[in-house]
Structures are given as structure tokens and as C-alpha cells.
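Next up: the structures, one after another.
Both complexes below contain chain A, partnered by chain B and then by chain C.
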Partner chain A sequence: MEAPPKMSLARYIARRVLQAIPTLLILIVFMFILVRILPGDPARLIAGLEATEEDVERIREVLGLNKPLHEQFIDYMSGLLRGDLGTSIKYDRPVLEEILARFPKTLELAIAAELIAIALAIPLGVVSALKPYTKTGLLATIVSLIGSSMPIYWLGLMLIYIFSVQLRLLPSSGTGTLAHLVLPAVTLATLLMGNLVRITRASVLEALESNYIVTARSKGLREEVVVYRHALRNALIPIITITGLQLGALLGGAILTETVFAWPGLGQLLLTAINSRDYPLIQGIIIFYAVILIVINLVIDIAYAYIDPRVRVSLWSSG
Partner chain B sequence: MRRRVGLSTRIVAIAVVIVLVVALAGYFLLQQEAPVERELRVAIGIDMDTVDPHMQTTTLVFNINRHIYDTLVWFNEDGEIIPWLATEWSISRDGLEYTFKLRQGVKFSDGTEFDAYDVKANIDRWLDPTVKVPTRSQLGPVKGAEVIDKYTIKIILEDAYAPFLAALANYLMITSQEAIEEYGNQSIDEPVGTGPYILKSWEKESEIVLEANPNWWGPELKIKKIVWKIIKEAGTRESALLAGDVDVAFLPPAADKEALENNPDVDIYIPVTNRILFVGIMPRGPLENKLVRQALNYAVDKEAIVNEVLFGLGIPADAPIPPHFFGYAKMDPYEYDPDKARQLLEQAGYGDGLSLKMIHPTGRYLQDKEVAEAIQAYLSRVGIDVELETMDWPSFVQRLLKPLDEVDYDLVLVGWGPGVADAHFTLYPQFHSSQMIPNGLGIARYNNSEVDQLLERAMRELDEDTRRDLYRQAIEIIWEDAPWIFLYTQRNLLAVNKNVKGVFIHPGGEMFFFYSAYFE
Partner chain C sequence: MPLLEVRNLKVYYDLPQGTVKAVDGVSFSLEKGEILGVAGESGSGKSTLAHSIIGLVKPPGRVVDGEIIFEGRNLLELSEEELREIRGKDITMVFQDPNTYLNPVLRIGIQVGEVYEAHLGIEPRKAIDKVVDLLRKVRLTDPERRVESYPHELSGGMKQRVMISMAIALKPKLIILDEPTSALDVTIQAEIMELLMEMRDELGAAMIFISHDLELLGQVSDRLMIMYGGRLVEIGETEEIFRDPLHPYTEALINAIKYVRKEELPTLEGEPPSLLKPPPGCRFHPRCPKRMDRCSLVEPGEYMVGGRRVSCLLYEEEGDA
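Right after this comes the complex of A and B.
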């Protein structure tokens, strides 16, 4: 199969980016209204219950929250067009700076968790598909059950109790060294593995039953070639989709894991923003998150194309 | 057949190798990080939102900042006012002018010298309406400041204000005139103070590092470095302490208080806070009747709630203010007596029972949801059916602050915790009729002209004994009227590695200071 011409890839990406603009616009308007419908007054929350109404009103004025809603919206949109996500009410600093300060930590945790999950779940899923009624098959079922049913909060606290408090092998919380990454990444990976094992097993099983495998086998190809080159390659598509979506979800911040392990990522920032009704910060994080999801979906689609020639043809020719 | 076994074995082997490599890498990296110098590591539940001395709102954030900035006066362990940046002071007879002599030879962290012009600049900024000062009114009716000479400043009030010195200690942190000129009404983000520590670094949602200020005017600092680690989950703060990752844990889970108490490696502190918890009663319908409100008070067993639900982290209320407040007067408690409650209800004409609705926040106060459920259970025993509505804090505050004609509940579980341990700061906002929601924050819409007069006089009265007596009279009337179900004063919980000594506990019970601390 020939590699696609470079221009068409660029055009394809450009088209996808343009398609994303109306989606983003709708999201921004929706978010802007939604956060303001939430009960709670950021000025009162800043000042505290014990503050006088006069002091709270002053804060409202300083923050511009006393202006009519449409004026606030126009201010916000004109800022956005200049690439300005606004100023956090709580931190009194640019929203984008606050997000970018946390994003590397979120990225670190997400990638580590996803790598561990892939390294364990895919082999486990493949093996259990190849040998469904063995101990490995049973192990795969158990892992996927644990992963999808264990409350992550509880798992995190248990791991801290065993590895930090009792064995004193790993730090209980915070960041800094690779050792700090182990417990949160393993916790998050357990959650991811549940899905990943099941999807891998199912898609490998499906591939093994398809006609081209029967053909390959009947041609007398070696089993390794059949499994690796034919079955696995075809089974990879749903696995990549799930992995990509998981990664996308994780990049928005894993709120529970981050909270248990005091991991200073986007999830904790979003939680703080919601609890203080920090409108610009909530909006900023959601927009950032939406952009990431759009980019990841694009990357997934391009990845399909490199794995599956059929997708490649349909993607590029339909442009 | 042999080949198939080989394939799955290989896949499993690769997975095992990956896991082993990750585990080993983690283990060896861990081995390398042994602390070189003894720093104090403190686990706290929330991040700072600002290092601006005048934009503070959160007790814990003020707590950290107060290590960087000094105040003019401060407290000793008994809650008495002591000199700090001001060495002595005098108050004019009408209570309107406070003249302070300032400490000489004090340097700010930017190298400039501290003097009366700095204090004036701080007061001016505090009063500047374009600056976001959330606690502006709490400091008192300040009119302005006048420099008398380089080391003497006069602060002028519009009205006499008895708790002014305590308010100065609790609210006004001093930065340099230069910093104020540089930032104007913008938020100060690089703190310049005279305090015992200097902000070294602040990694958002992660840690705040303070280093000893070599030029501090106070006693020698034994702890040269404090690392405040932000750990939101209470269980993790406790684990971090037990694992030796931190030396101090703010507010570990209340349920583990006893286990921590019995742990030989841990000391716990349970100071009384300024926060009183109560159920505000909306004075409408049956609840307009004093007998019904008293019945509610007899129906709830506060002792049992404190012991069983709060794990002892409270003091049952015998006044509408905490016992360590100036102006506290002990009343005869409403002892738990369901029979008496039923009898009072019958007398009021509600012997057949009542249906009420109570709102309460969750995750805001110690065991708040559990306390609300306990109250519901106690009231049901005297024939009062209570419907509970649980809300997160922001939604709760919004519901709480609605005017009475938009209020759709009868009872509200809430706490009131002013910065200053003085009766004025709880009684005036809660029981002066001018302060009813929505004009102020008076939750129970209490309206009694006699109490109004007593509270007004007490606010301006400078003679301590007379002032105490005025508060006693007001408290007696309020206690009898029972506009609240008086519950308890909340205690705090701090768990500390037992070789850390000398922690100074602010009289408000919610702030802890380490400038006097040391390792044993």
C-alpha cells in the first residue's frame, strides 16, 4: 500500500481543526451559562461566611461580577479571541498560567498509568484470548473484575497503608522523584486495566474467529505469524481507540487519584475551582480539556490509518 | 503446539520484566532521597490562594502568611495581647485614638527598614476601596493613620471599638511601603515582610517552602526550613505522618483521634476553636413560639453528639459563644430531657408533633452530615419529623443567605467562627436586629430591642468589667429565648511527631506557629 501524499494529510488535519471550532464555540457558551447557574456566589465564598455584605459587594465590583451577564460574556469572548482565558477569581492570576503549571504533572501521571496498564493488560488480554480456560485466562478475568469494580479511593488508601505506612518503601503522597509516581500510577493503572483487558481479549477472540485467520491457517502459516501479523494487528484498532480515550480522560485530571495522593495536577485544580465557583478557572480548564480531546481524537484517527490501510484510503479520499 | 506455549510465555515474560524494571527504578530512586538537613514538614489540606497580606480570607492561609509577615501586636498562650512590631501603646480616653511606639532596627526582607511610614501605607491600602480586602470591616471602624515621628504611629477610629487590638493582631499583617507602592491595588505576589520566615518557593497544589529570615528581630529560630505540603485527603495526611513523610498533620480524620492518641510516636493537640455550631431556627409558624424552640433544645443530647459523633472534638454549649471568648457567661445548660421537650410541645399546642425541614452543608464542618442525622433522630423521638437536605458548601451558603420570604426551610445547621475571640464578633452579627439576613448575616432573624441596646453599648464600652456585664445580660436573654439549638464549640485536631515540641497554638485554636518549635 502506498503512503498517502503529504498534502492530503495536512489538508485532513486542517479540515478537522476547522470542524472543531463550532463545537468549541457551543461548548464555551454552554459552560459560561452553566457555571453561573450553579448555586453559589464566588465573592461570598472568597470573603467567607463571616464577612459583611459590604465587603462582599466590594469584591464583586473588583471582580466585575456585578456587571450584567451579557457584558461579562462579551468581555470573556473578546479576551478569548486574544488568547486570554481570563483571571482566576481564587488565585488572582492568569487562568492559562495556572493550568499550564499543573498540566505537566497530569501528563506525567496519565502517561505512566497508561504505560503500566498497556504493559500488563494487553499481554494478559492476548494470552487469555489464546488460552481462555487456563490459569492465565482466569487471572485476566480477575484483573478486569478488580479493575472495573474496586473503588479507586479505597485502593489508593490501601496501597498507601501497605507500601508507605507499613513497609515504608514508597512515599505516601506528593511529587518529586520517580518513587512518588509509583503508587498513584499503579492505582490509576488498575482502574484502566479492567477495561483494557476485556477489550483486548474480546477483540483478539473476534479476530481469531474471522475468515482471514482461517485462510491464513489453512495456508499453513506458522501460528506465530497468524497471531502476530494477522490477528493482533486487526485486533489493535479497538485497543487503540480505548487507550486513546482513556488517555484523553486522564489528561483532564484524575480527580480521585490526585486527591488521595496529593498529586498537584489538573484534577485537583478543577475541584478547587468548582468548590470556590471560580468561573474563569472552571471555564478555562474545560476549554483546555476539550481542545485536548479534539487533538487526541485526531491522533487516534491518524493512528488508525497507519495500522489499517482500509481506513487510510477512506480517510484521505473522502476529503 | 510448542510454538504457541512459547508465544504466550514470551508475552508474559516481557510484562514481568517491565514491571520489575519500574519497581526497581522506583526503589533505587527512593533510596537516594534522604533529607540532608532537618526541615519541618507540615501536611495541610488546602493550598494558599494569596500571599497578599491584605487579601486574606482563609484561616489556614493567614496561618502560613503570618510566618512571613508580622502584625503590630500579637497573642500569648492565654490569648492576651502582647507587643510585637509595636512595643507599647496608649489609647485615648474616648477610645478613638491608638498611639503605638514601634520596634526599632527591624528590617523587611527587601532590605528596607520598618518604620511608621510603612504602617501608614498599610492602613491606607487596607482602606482603599479599589483593593480587594475581604475582611476590611472586621478590623473595625478605622478612619486613618497619622505618622507622629519615625517610630510612632497613631491610628484613628471613627467610633470606639473595644476589640480593636485583638482585631489588629488577627487581620493586619504589615508589608513594606515600597511593596505597596510597587503593587498598588494589585495583588502582591512576592511577599515582603519582617516575619520569622521568608517565602522560598511555592509550587501550586504541591508545597510551600519557607526559610528562616536571618534578620528576624525575634528569638533565634530552631527550625530553619518549613515545608508545607498540600494533601487534601485527611486519611493521606494521617498516613504521611505515620509513614514519616511529614512531621505535622493538620486535621487528620476525626474518627482516628483515639488511635493517634494511643500511638507512642505521635502527640495530638485538640485546642478549642472560635467556632460555635448551632441550628438556626426560622422564627415562623410554630417556631415563633419560644416554648417550641426551648423544646428543641431539650430534645437534642449535645453531650452524646460531642462524645459519639464528634469523637470528643467539641464542648457542649452553655452559652451562645465559646467558653474562652471575652464576654463569655456560663448559663444553665438545656440538659437532654425528651420528656420535658414533649411537655413543652404539648403546652405550646403541638403535642401531636411537627414536620420541619433542615438544611445542612457536607464536608464543611467536622462530621457535619452525621451531626445533622443525629439531630434528626433526636427530634423524631419527641414527635418532630425532620426532613434533611444536604448540600455542598457553595450551594448551602446561597440558600442560607436568602431573605426570609424566600426561605423554604425551618432549621439550618451552621457554624460561626470569627477571627477574634470576643463576644462582639459572634453576638453582634448573629443577634443584633440590624444584622438579619439579607442586611447582615443574622441567621435566626433575632429581634429584641433590649439585646440590641446591650450589644451596642458593649461594642463601645472600654471598661472591661462593665463590658463583661453587658454581655452577660445579653446572653441571659438570648439563652432564654432560644433562637438557636445551641450545640457545641468545635475543637481542632493536630497530630504531631512526638519529637517536635514548642508549637505555638493561636488562641483561636485553628492556627499553629512554628517559629518557637524545635526538634527534640
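Right after this comes the complex of A and C.
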């Protein structure tokens, strides 16, 4: 089949969005209940230790927490349908505004980390697939071991100790300049690289075993062309899957990294929201996160179609 | 000087269970423009033999001994770069299953154009006119559109035409055909055979035609080589072999064709030999109807009988080849 007509792509996206609705609904119900099962009472937290029982009751009324659960849920859903995620209890600002204020920081960190990881992990994975017993192969093994086994807060603290405290090269926390981005991005990238190196290595190895590689070699193609054009392109599918899932996880906010480096992103916001039992804010962040994951999965599937023409056929034609 | 001379070739696979001697001391030669049919059961080493000529035995397989002399040069002593220049240009190969031997994520035009890229330094995209001409030559319908297609959009027969186009692009001197029609529908098989023979007449290339289908080989090959358990069993003119097979194994194969025609099913008792632990003596002796006591003790040499070389103790008195 030829290049997909524009209409079929639009239809495919529309279908996927419709399919996402029941998923979101189930998620919202569970989340709504779970948040309320959490021990701790937001009204009491806001009122403070000195407050009387009447004060607490009044705050409950203002927040709507005195109503039965199902009424609260209906209130919440009718707000959601109007695009209103509610008002943060702690910040006394619309939840969506609060999330959108923090999201660019999270996005910045996530993309920086993922770019560093891709730039280093893919070449490393390819080389280690081609030459497993060389120094580069060994390096790849070490990197993937460190990435997948080192606790991220420990790595973060070590980097702060070396580069901020001892060498005084980079700021240890906060945000604002490119220099601020380096340590948290490198910390996160190390974590991501662990998986990415392993997946790249494995999928390149698998592709190199394929029969079409024999054909490519039998044509007299140079080994670089065989590897990069023939093997890597086929190996990209699992690599893209992992990258997409990683990015999805990061966009929800890298809680540990953001905490270690005092990075004002969604992860920190979620932590604050949970600590202060800020129900609307917790709910808002989780829904936001769910939507991001749904979008990323859609993007991954469309990316597959662009890499693998066979997937294209099944995507465009089904439905 | 023959175009290709293979001397005492040994290709072994080192597996955890032991060493598989897939090709174990095979010698033959091929003249310019000649078609040599290679027949044998699966596991007889014929496919490994084909891959080793072009230097593409998959690990853990490796050539342990022998010489492969092509136009006076021993291919086993060439550097990877020298070998690369021969592959796809002077020696080409058509593989068994076009479904897995074409890259699923690259357009046909690119995959065929790569032959020009590898040997003439033309970028695949700029070779598109040449590719269209080539695809027309192998009678692929609608070649202008097909260069934009991906393999999954083509039928098995069309894909094999594409594979053949790559193999003939640079007018090779030797084309190795590894069961080129076995994965195709019966009706398509005849079409592909017709195309192959037409291309061969046009190019005058020599061919090594590997197949388990002895009847097919009988129709197309000048000479025939029969393999069994990694060894050469018999080699000679096709007509002579069909008229008077010398080796009991060859005889059994040829009788099988005759009996199938009469619709009586003949069977060769027993199973192909294990290459991990081949039978002692002659590898065919456990299944041989003319077995002698010595056959399980002595490995037969290769003996010349008329113009033929045969590896069977029945012909021992004829003298070593």
C-alpha cells in the first residue's frame, strides 16, 4: 500500500481518542476513592492544631467534604466535563493553572534527560552488539548495570557532592540556567540508559541474525550500511517503545530527582499535594499524567507505522 | 582454467553438543557458463556449501580447511574488502525464501538499487531508472510503481523476481541458486524457473543450482553433484547419471523419480545421518541396499569411473580419483 491518505490517519487518531475515554473514566473512579482512603484529613490540616471542631467543620463545608462520597464525585465529574479540575486546597488556585505552571519544568528535564540517554545509549548499544568483547562492549555492560541498579537519589547526591561541593562547577539545586539543568538531567539519563543500552544491544543482535542481513551482505554492501541501514532500522521498534514509555514516566514528574535537586516540576508538586492531602491537586495531577500516557502511546503507535510499513497497513486499514 | 574450483572444503559448526561437519571435504569444479546441479536431502550440507562460496556462513559455522579458487584467486585468503567487491558483482546468490530474505522496512527500489551503490558508488535513489529497467527485465509488472513498494505488498513470486533482479544486475560470472523455487507455489515455480533460464542464456553466467528436487535439476543442469551427510557422493554429466547412476544413493533417488511417475511410492529406509555423530565408514551404509561388511569399517575414497567421480567401495578397484 502507498503513503497513507491523510483522512485515515485522522480517523485512526479519533478512534484511539474515543477508546481512551472508558480507560480514563475507570481511572478517575479508582483514583477518587483511593485518594479519600488515604489517612489524614485535609480540613484538619488546613485548620491547624489550634482550631476548634467548629472551624474544621466549616472548612469541610467550604471544600464540599461534608457531602456524601457520591455527591462529591458527581460535583467533581461535572467540573471535569467543563474542563475544571477544581481548586487546590493548599495553593488556593485552580489545579490546572498550578499544573501548567509546573509542567514546562518537568518537560524540560524529561526531554534533556531522554536526549542525553538516546545520544549515548544507542551508539553504545550498537557497538556492543557488534563487538561484545571490546572495551566499548564492556563499557556498555557497565553503563547498563549502573543505570539499572544504582539508586537514583544516591547517584544524584554523589554528583552534587563531586560537581557542586568539591569541584564547585555546577549548581546543586534550583533552576533557571542551563547549568542548573546539567546534574538532574545527567542523573535521570543514567537511569534511562541502563534499559536503553540493553534493549538496543538485544534488538540489534536479533536483527543481525535475520535472513535479510545475509542478502544485504551478499550484495557486497559495506558492513556499516548493513548495520545502520538494514539492522538498526529494524531494531528501532523496541527502542522506540522503551523511549516512549520512559518519556511518559518522566513527564509525570521524576519525583526523586526533582526532590534531590529541588527542581520545581510536577513531581515535587505531587509530593506536596500528597503531604497536604490536597485532594483536587492529587486528582488533577494523576488525570493529567494519564492523559499524557495515552497521548504518548498513541504517538508511539504512529511512530511504528512510519518505521515499519507492515504496521502501517494494519493501523490504517483496521477500523 | 575452470571458473571456480573448490578443493577439499570443510565447513564445521561448533555447537555446544559437539562439532557438526556440515561440509566435510568436498571438491568440484565449474566451467564458465556451466550449470552444476547440487542435490541432497536437507542436512546434506548443500546449503552450507553454497553460503561458504560467497563467504557468508553464519557463525558458529566456519570454514576449517580447503580452497575456493575463483578466477585464479583463493577466496578464503582474500581480505573482507576484496571479498566484498566480488560479492554481488561477480558472484551473486538467490536465496530460498524471498519472504525473509528481503528487508521488510526498506522499499524495493532501495534494496535493488543497493547493488549499484555497493559496486558503482551510485546512491540507491539516483539509480532508480536503472532499477526500473532491471525490474522490467525480470518481468515484474508495473515496475515504476513497484520501486516504491515494500516487500509485504508483493506476492512471493514477485519478491523472488526482485531477488533475481539483484542477482543479475551487474552481469555476474557465477550465480548461486539456493533452492530458488522451494518456497513458492507450484504454478509460480515454473515461471521463476523459466525466468532463471532465460537470464542464464542472456548472461552466459555459470550457475550452481541447489535443490532437493532431482527431477528439476535433471532438466536444467549440465552436470550433477549428489551430496549425502556433508560428503560428495557422485558427480558427473547429468544425462549419464540419470541413465546409469553409480552410487546406490543416487540410484535410490533416481528410482524414486521413476516410481513417482508410476504412482508407486518408493521409500528409502531410515533417516538422514546425524552430522554430529555420523555413522562410521561410509555415511550411507545404514540405509544402503548394497551394503557390504566393509562399508561400516572403511571410509570410501573417491574413485573415477568413466568421466564420473563416485564415493563408494563398490568402485574401489577403479582406482583413486
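Here, the second predicted complex is superposed on the first by the 315 of 319 C-alpha atoms of A that agree within 3 Å, B and C clash if a C-alpha of one lies under 4 Å from a C-alpha of the other, contacts with A are read in each partner's own complex, and residues count from 1 in each chain.
The rule we apply is simple: a residue touches a chain if its C-beta (ideal position, glycine included) is under 8 Å from a C-beta of that chain, and two chains touch if they have at least 3 such contacts.
All values derive from a computational prediction rather than experimental measurement.
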{"item": "Room on chain A for both chain B and chain C (clash or fit)", "value": "fit"}
{"item": "Which of chain B and chain C A:V260 touches, first, second, both or neither", "value": "first"}
{"item": "Chain B versus chain C as contact partner of A:L169, first or second or both or neither", "value": "first"}
{"item": "Contacts of A:R201 with chain B and chain C, given as first, second, both or neither", "value": "neither"}
{"item": "Partner chain(s) touched by A:R222 [first = chain B, second = chain C, both, neither]", "value": "both"}
{"item": "Touch count on chain A, higher of chain B and chain C", "value": "B"}
{"item": "Which of chain B and chain C A:S210 touches, first, second, both or neither", "value": "second"}
{"item": "Minimal inter-chain CA distance - chain C and chain B, angstrom", "value": "6"}
{"item": "Residues of chain A contacting chain B in one complex and chain C in the other", "value": "222-223"}
{"item": "Residue ranges of chain A in contact with chain B within the complex", "value": "38-41, 44-56, 58-59, 62-63, 90-93, 98, 101-102, 105, 116, 119-120, 123-124, 126-127, 130-131, 136, 157, 160-161, 164-165, 168-179, 181-182, 222-224, 227, 259-262, 264-265, 268-269, 271-272, 275-277"}
{"item": "Residues of chain C touching chain A in the complex", "value": "51, 54, 56, 58, 80, 84-89, 92-93, 95, 97, 100-106, 111, 114-115, 117-119, 148, 150, 152-153, 163, 166"}
{"item": "Residues on chain B engaged by chain A in the complex (per definition of touch)", "value": "3-4, 7-8, 11-12, 14-15, 18-19, 22-23, 25-27, 29-30, 32-33, 46-47, 49-50, 52, 55, 57-58, 129-138, 187, 189, 203-207, 229-233, 235-236, 239-240, 242-245, 392-395, 397-401, 414, 416-419, 425, 429, 438-441"}
{"item": "Residues on chain A engaged by chain C in the complex (per definition of touch)", "value": "1-2, 209-212, 214-223, 225, 229-230, 233-234, 307-310, 313"}
